[in-house]
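Two complexes, one shared chain (chain A), two partners (chain B, chain C).
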Partner chain A sequence: MAEDVKPRVRVPGKATAGEAITIKTLISHAMESGQRKNGDGNLIPRSIINRFTCAFNGATVIDVTLEPAISTNPYFEFQAIVPETGTFEFTWYDDDGDVYTDTQNITVS
Partner chain B sequence: MKLTRRHTLMMAFGSAVAALLPVRAFAALEDDIAAFTGGANVGSEGITLIAPEIAENGNTVPIEVIAPGATAIIVFASGNPVPAVATFNFGPLAASQSAVTRIRLAGTQDVVAIARMPDGTFVQTSQEVKVTIGGCGG
Partner chain C sequence: MKKLLKTGVFAVVALTAHAVHADEEANLIINEEIEITVRTDAPAHLENLSTIYSGWVFRSNETQALQMDDFENPGMIFADDARDAWNTVEGTKGNSCASCHGEPESMAGVRAVYPKWNEAAGEVRTVAMQVNDCRTEQMGAEELKYDGKGMLNMEALLSSVSRGLPVNVAIDGPAQSMWELGRDVYYTRFGQLDLSCANCHEDNYGNNIRADHLSQGQINGFPVYRLNNAQLNGVQSRFRGCVRDTRAATYAVGSEELIALELYVASRGNGLSVEGPSVRN
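Now for the complex of A and B:
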């Protein structure tokens, strides 16, 4: 159902080994809470992203469970350690079964 | 208006329901906290919750939770229809056990954050956020 869902991720292009880097993620999503009513007074069914994960070369950085109280266009900012050159994988899980992914490469010098 | 027996009964019923509602919301939060902590005692040191004192728009309230060393942090909004907000589980590559996000608040209320430490203990903090315009539709 969800249209125009576009993940946006900001990761530094390079880092030194073991450095803590800040990652910012944003995904466009209405995050319909299931509490709102439409013009006819009927409840609009819940439709949210219920889980977000970030992993680096397969090792988990953060795994977030989202509830309807997360704002429209869920935004997360967190810190990760990069031991070596590799790829960050970001995954968002939608209530309707869709999975949105993004990857970012980082070079460790 | 004449005060009939029916009116009196209806009013009594209405006030009883009104009195029950906040208690029920509070109980939901207690249940959610117990589900996370397993009923363990909850300390107060070692967790920080950064939230604005006054939020003009309850639809997007920026918050930050920091709990050095924690394995997981859970956030509740005590006054929302559904108190749970988010659970952050930190993996081995998390550089700091902290996260920033934006949440919805239905009105002025306490935001509660609880962290689970690796040794199985829990720490909790809370902060009141005054909300000018609530963010749960209606």
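Now for the complex of A and C:
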């Protein structure tokens, strides 16, 4: 497992139906591009988060492909319209096969 | 010709100043909760300034905004890493930081009074020195490298739980001789450029030195996440960077002179809020 990987998510606790809410996510990750060389001149193998998804009650909100040029600790901020009370699920896929997840509940009035 | 050149230089200065000047009247509230004192009356011992300002005041609006929300503050990632280290048992005695101190929040106020005289050791200690003393004496663990990653993370955590509390380092009593040494270092001109700390940060704060908008050099926001190098920076490493830029040979991190300077510069900010981990250029 990559070191010091920790997902963070901020979703408002409540919203009104049909309201566009702002979601912020950040995962601490080195995002080693695979282009850099170490002190001995050898390539440091690529190790990045290659995909990030967000789903609400099972329906996809966004699905992002990440490339090596994306910097350390990738941060995403996006908006979503929430029709009903439910759960956001966030998933990050690591090159090494690890999957990191986080969930946030939101109450819609 | 000479006159023409001068006019040209002034025009450039005016342009850069316009581009980088921040909103110097802005107030800092972190997470819509923690009120930070970014300007206040100078402490009594400070003869040459009437008002002291946090370095936050001098930064651009965008940089200022990064510090208003922990989610956007990259420095908080490192403080979070330290939270894991805080609970990790290390060394021969089976202790973690949490074994003695409980939650990191119990350390609120500690950062505000350091560097501080330690009676038992008979020396002025920085937070880093105290952390290492804990590690070797209470945990039986290895020291963390001064201004290394692990240490800066821990300092960021300790600082983050003290945010909003006023800096209040003691400068009298047994700490006085170190404080006076620090003051001497502060006002000593170093290097080929023949500059003291005061030349920039006391005489010229608010002005531009080439593209840099000079602050008062307050250290209430340390450790600092610098956009310049995208990592946490320790205060003594920052001092070294400044002295190096005067083209001088510098003191070592952890040396008596830099500990004294840290004490003295911290005392110049008595009354400002602890802000670290802050975000700067």
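Here, the second predicted complex is superposed on the first by the 109 of 109 C-alpha atoms of A that agree within 3 Å, B and C clash if a C-alpha of one lies under 4 Å from a C-alpha of the other, contacts with A are read in each partner's own complex, and residues count from 1 in each chain.
One rule holds for everything that comes next: a residue touches a chain if its C-beta (ideal position, glycine included) is under 8 Å from a C-beta of that chain, and two chains touch if they have at least 3 such contacts.
From a predicted model like this one, the values you see are computed outputs, not experimental measurements.
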Partner, of chain C and chain B, that touches more residues belonging to chain A: B
Partner chain(s) touched by A:Ile81 [first = chain B, second = chain C, both, neither]: first
Chain B versus chain C as contact partner of A:Ser33, first or second or both or neither: first
Touching partner for A:Ala20 - first (chain B), second (chain C), both, neither: first
Chain B versus chain C as contact partner of A:Asp4, first or second or both or neither: second
Partner chain(s) touched by A:Val64 [first = chain B, second = chain C, both, neither]: first
Chain B versus chain C as contact partner of A:Thr72, first or second or both or neither: both
Contacts on chain A seen with chain B and repeated with chain C across the two complexes: 72
Touching residues on chain C, where the partner in the complex is chain A: 71-72, 74, 77, 80-81, 230
List of chain A residues in touch with chain C within their complex: 4, 6, 8, 10, 24, 26, 28, 72-73
Of chain A, residues touching chain B in the complex: 20-21, 33, 35-37, 55-56, 59-72, 74-83
Contacting residues of chain B [partner chain A, same complex]: 59-61, 77, 80-82, 84-96, 98-105, 135-138
